[in-house]
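Each of the two complexes below includes chain A, the first together with chain B, the second together with chain C.
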Partner chain A sequence: MTNSVPEFSEHTRCFLITGSNTTEAHPLIASHIMKAKDRGAKVIVVDPRKVQIARLADLYLQPRPGTDVAWLNGLMYVIVTEELADQEFIEKRTEGFEEMWRVVQGYPPERVEEITGIPAEDLRAAARMYAQNKPAAILYTMGITQHTTGVDNVKCIANLAMLTGNLGIPGGGVNPLRGQNNVQGACDMGGLPNVYPAYQPVNSPEAKAKFEAIWGVEGLSDKVGLTVVEMVHAAGEGHLRSLYVMGENPLLSDPDIGHARESLEKLDFLVVQDIFLTETAELAHVVLPAATFAEKEGTFTATDRRIQRVRKAVDPPGQAKADWEILCLLARRLGAAGFDFASPEEIMAEIARVAPSYGGVTYERLDREGLLRWPVPSADHPGTPYLHKEKFTRGLGRFFAVEFQEPAELPDEEYPFILTTGRIIFQYHTGTMSRRSPKLEQEAPEPYVEMHPDDAARIGLDGAQRVRVVSRRGEIEVAVRLTERIRPGVVFIPFHYAEAAANVLTHAALDPVAKIPELKVCAVWVERVVKDEE
Partner chain B sequence: MDYRNILTVCPYCGTGCGLYIQVLDGAIVGVLPAKEHPISQGKLCIKGWNATAFVRHPDRLTTPLIREGDGFREASWDEALSLVAERLLHIRDTWGPDALGFLVSARCTNEENYLAQKLARAVFKTNNVDHCARL
Partner chain C sequence: MSHPDLLNTLRAHVAEKLPELDGVVGLRRTVVGTAPYLFRQGDDLSELVLSPRYPLASVVSLLQKRYPQARFGLVARACDLRALVEMAKRQQVDPDRLFILGVACTAEEAEECHCGAPFPKTEGWPQAVALGSPASAGSPNPIIARYEGMDRAERWAFWQEQFAKCIKCYGCRNICPECFCEVCALEDPLWVEPGVLAPPFPSFHLIRAMHMAARCVGCRQCELACPAHIPLTVLYDLLRRDVAELTGYEPGADLFAAPPLSLTLAEGR
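Let's turn to the complex of A and B:
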């Protein structure tokens, strides 16, 4: 996030929320939006499902899934033609406006309506509301990013924020709400194939030299590595022979998991370090028992770059050990130097040396100050609530010209529905933790598909309780829930449930830059399950 | 009787709400919201209130396991780690560093993610390091 959560309740005057089921997936961020709403802030929600937060929206727009570039360009068309853009910001802080405008002028609201289904007048109203209530914050999650055009979507969001001067100010910004307790930190720490900690590129000679010196090794690879989905594919092709998995469950979270399973089964050696025997661990050659968050010391970095202390409450059960201890033991076994850490605090001291944005982070400061938001480059730096004040990292902010492209797989006669996936409030990701929490599981024990009643009538469900959902990759059987909150022609399945995994159906088509799979759009057909078949 | 409240961070979504784990004589007995926390401000969602419910679940892995046929047998740390080290080195020496992949974790701490990518990069010389950020 460019900005921080407390700014939402304190400063933001307009929220543009898209592809985020905020009240279910980030309930306590939603509470800051509600507080802002109470003092008169405007809320615009753009989502193919009329999710709960849309109920408090001043404007709700329901696009066809996968058409985000079109409606975002359409908002900018209205803002420019109605002279609502922030000319001063564009002139002083950005470049590339003209190229961007050459593309965006091809997206008048009437054309956008044809592509997205959003009524032209609603789009105009949304553009005016967003541009005229500053500071305005854009909030999004995987509904924007899990597309073959995920990077394009995010570029358009950044364009929109720059066009209205909503970057570098409190309460504004481009704010991806991240879905996992420490997904921000895992990225910050270099848990990515292209960067060392703090986003220092692996193919930069300076970064390579720096890490060789600090780690006391030679010959670090300057070749960008593979992403998760590419690793699974490489395993299937026989290029990847071994996978070491620490606390992840790709066999439920990856797209097209039938193919993922076949691929992982080909590995010569699979190690899984986890707290439970996950779907992925069941395939492993060696399983190592790890500690939960309640059984170890450390830090997590929340979605708004907020570094906080995790503290040990109890010992792990049996012989289970914290992941950091396991890694140190394994490194020693491998004869590797540089892993002689007696505590996570010592590891943080090394992180502060290698990662400039964490340079001023110590446990002593975290214990005293409660939290630190990166960049916090030195011991006397207070941390950074919002980014891009006065200047972008690259100097001027760059507008990108982005044309709309259709998703990789569109509905057709054979597979007439668009399937989109997501989370529900009671469960979490692959369910490893939440499904073993009795009160959560009791609230939502069963997978289902959400469908519009008009669609149910059209395919003759005729009161059937269970349906089969079929894609080109596979099929699952689930309960059906009829609801008018979903766009006709679209069905939704939460992806938490191994017994009817939505990702059996999803498509592994990737964004060409970010390599993120298009989990939010694929084509399916739905049919009733006849009782005597069961 | 030893009762303590341990201030920590919720293990679920990326909001990072503050909560206290209530510990009585070494056992978790509940969760309390942290009133002073700037984001959660004394509130938690239903997952936060149940943040520790899975911690003592009987399915927890409590010992290293090594595959034997279709199942697993229990092993010591010594045996399991020796096997992992030996197999990883063998694969690296036979097929090269990029035949190895490492998935780090959006669930684990910063310190653990740092060490895992350091292991992949500094010891095995591969950048095949990723996690479920895109999933």
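Let's turn to the complex of A and C:
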């Protein structure tokens, strides 16, 4: 996130929320939006489903899934043609406006309506509301990123924020809400195939030399590795023979899990480190039991770059150990030097040494100040609530010209519906934790497909309680819930449930840059299940 | 009496009482954060603090049930003490095994809570002290006046909008010192359809409100806990007013007054 969560309740005057079921997936961030709403902030929601936050919105737009570039360009078209853009910001802080405009001028609201289904007047109203209520924050999640055009979508969001001067100010910004308590921290630490800690590229000779010197080793690889979905493909093709999975359950969260399972079964050796025996762990040759949040010391770095301590309340059960202990033990068995840490605090001292944005972070400061937001380059630096204050990392902010492209798999006569997947408040991700909670399980014990009543009538569901949902990859049987909150032509399935996993159906097409799979759009057909007794 | 003075007086009282008790329930602040804590003899009482507000009555109730012989002390604000009154009537605390260390709220705290009775009323409690000096009551919640100016349709729309924000976290129920049923109607599919967000309007919130009639002591913990910022005290203050008008009963005011909606009928009558 360019900005920090408390700014939402304190400063933001308009929220543009898209591809985010905020109240269900990020309830505590939604809490700040509610507070802002109470003092009169505007809320615009753009989502193929009328999710809870959409019902509270001042404006709700319902696009066809996978058309985000079109409506985002459309918003910019209106802002520029109605002279609502921030000219001063564009001139002083950005470059590439003309190039971007050459593309965006091809997206008048009437054309956007044809592509997305959003009424032209609604699009105009949204553009005005966003541009005229500064500071305005854009909030998005996987509904924007899990597309073959995920990177394009995010570029358009950045364009829109720059166009209106909503970057580098409190309460504005481009704010991807990250889904796990420490996924930001994992990325910051180099848990990505292309970077060392603090996003220092593995293929940069300087970064390579720096880490070789600090770690006292030679010959660190300068090759970019594989992303998660690429790893599964490589396993299937036999190029990857051994895989070590930590706190991830790809046999439920990856696209096309029928194929993912076949691929992982081909591995010579699979290690899974997790707090419970997940679907993926069941396939592993070795399972390493890990400690939970309440059983270990350390820090978590939250979605708004907020570094906070986590503290041990109880000992881990049985043989379980904190992830860092397991990794250090393993490294020592492998004969690697430099893993003789006695505590997470010692690890933080190394983090501060190698990661410039964490340079001023110490446990002593975290104890005293409660939290720090990176960049914290030095011991006397107070941390950074919002980024890009006077200049962007690269100097001038660059506008990108982005044309709309259709998703990889569109509905057709054979598979007439768009399937989009997502989350519900009562379950969490692959259910590794939440499905073991009787209270949560009581709220939402089984998977279902959401469908518009008009679609149900059109395909003759005729009151059927259960349906079969079929894609080119596989099929599942689920209960059906008819609701007008979903766009006709689109069906939705929460992906938490192993017994009828939505990801049996999804498509493993990847964004060409980020390699994120298109989990939010694929084509399916739906038919009623006739039970024996009927 | 200013807050630091009150806190010092309280710590002195706790130190004096600890030898006679199995512990004193209060709030403890350390580098880790602030949490309810059972202070025992020898503990560092400089860690005992008064804020943030937290319903410690529920904590002492659990401890008393777990340790049926123990005698505990409790640091109690006026609202904690009112909560204890209703809990005692429903066998959730045993007054004879409880030493109350009542503390006064400041005028600012009373104003923040719109509290009408910010000084702990220790009458009737077998063992109790009240520390600090009574502050003036807070002004009434301004939303109530606004609400009373609405007609029926506007009131319906007001609650519809407020309850549409609910994320069914059960925070209002979980924090409430008077919510102690082991089986909760809000989790019974007969009354509330599970898995629906926002939960069914208005039944979810009104079931809880009805169960709170003649029990809610106006401690405002539910409103403070609500992540959706639903102004729950508007509902509960008006409920308390209705109960007072209909039955003359003021929950939390009198340890010996029988609650009008929870009498036990003697067998054979």
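As a convention for this text, the second predicted complex is superposed on the first by the 532 of 534 C-alpha atoms of A that agree within 3 Å, B and C clash if a C-alpha of one lies under 4 Å from a C-alpha of the other, contacts with A are read in each partner's own complex, and residues count from 1 in each chain.
The rule is simple: a residue touches a chain if its C-beta (ideal position, glycine included) is under 8 Å from a C-beta of that chain, and two chains touch if they have at least 3 such contacts.
Just so it is clear, the model here is predicted, and its values are computed rather than measured.
Engineer: Scan A:38 for contacts with chain B and chain C and give back first, second, both or neither.
Structural biologist: So A:38 only meets chain C here.
Engineer: Of the two partner chains, chain B (first) and chain C (second), which one does A:482 touch, if any: first, second, both, or neither?
Structural biologist: Touch partners of A:482: none, neither chain B nor chain C.
Engineer: On the A-aligned overlay, A:428 touches which partner chain: chain B = first, chain C = second, or both, or neither?
Structural biologist: A:428 sits against chain B, while chain C stays out of touch.
Engineer: With the two structures laid over each other on chain A, which partner does A:191 touch: chain B (first), chain C (second), both, or neither?
Structural biologist: After superposing on A, A:191 lies in contact with chain B but is clear of chain C.
Engineer: I'd like to know which partner A:120 touches here: chain B for first, chain C for second, both or neither.
Structural biologist: neither
Engineer: Go through the superposed model and pick first if A:442 touches only chain B, second if only chain C, both, or neither.
Structural biologist: second
Engineer: With the two complexes superposed on chain A, say which partner A:311 touches: chain B (first), chain C (second), both, or neither.
Structural biologist: After superposition on chain A, A:311 lies in contact with both partners, chain B and chain C.
Engineer: Looking only at chain A, is it chain B or chain C that touches more of its residues?
Structural biologist: B
Engineer: What is the contact status of A:295 with respect to chain B (first) and chain C (second): first, second, both, or neither?
Structural biologist: A:295 contacts chain B only, not chain C.
Engineer: Give one of first, second, both or neither to describe whether A:56 is in contact with chain B, with chain C, with both, or with none.
Structural biologist: A:56: touches chain C, not chain B.
Engineer: Across the two complexes, find the residues of chain A that touch chain B and also touch chain C.
Structural biologist: 27-28, 31, 311, 425-426, 439, 443
Engineer: Can you check the complex and tell me which residues of chain B touch chain A?
Structural biologist: 4, 6-18, 21, 23, 26-28, 36-41, 43-50, 52-57, 59-67, 72, 75, 77, 80-85, 87-89, 91, 94-95, 97-123, 125-135
Engineer: Residue numbers of chain A touching chain C in their complex, please.
Structural biologist: Interface residues on chain A, with respect to chain C: 23-24, 27-28, 30-31, 34-35, 38, 52, 55-56, 311, 367, 424-426, 439, 442-445.
Engineer: Going by the contact rule at the top, pick out the chain C residues touching chain A in the complex.
Structural biologist: 31-32, 161, 164-165, 167-169, 187, 194-195, 197-198, 227-229
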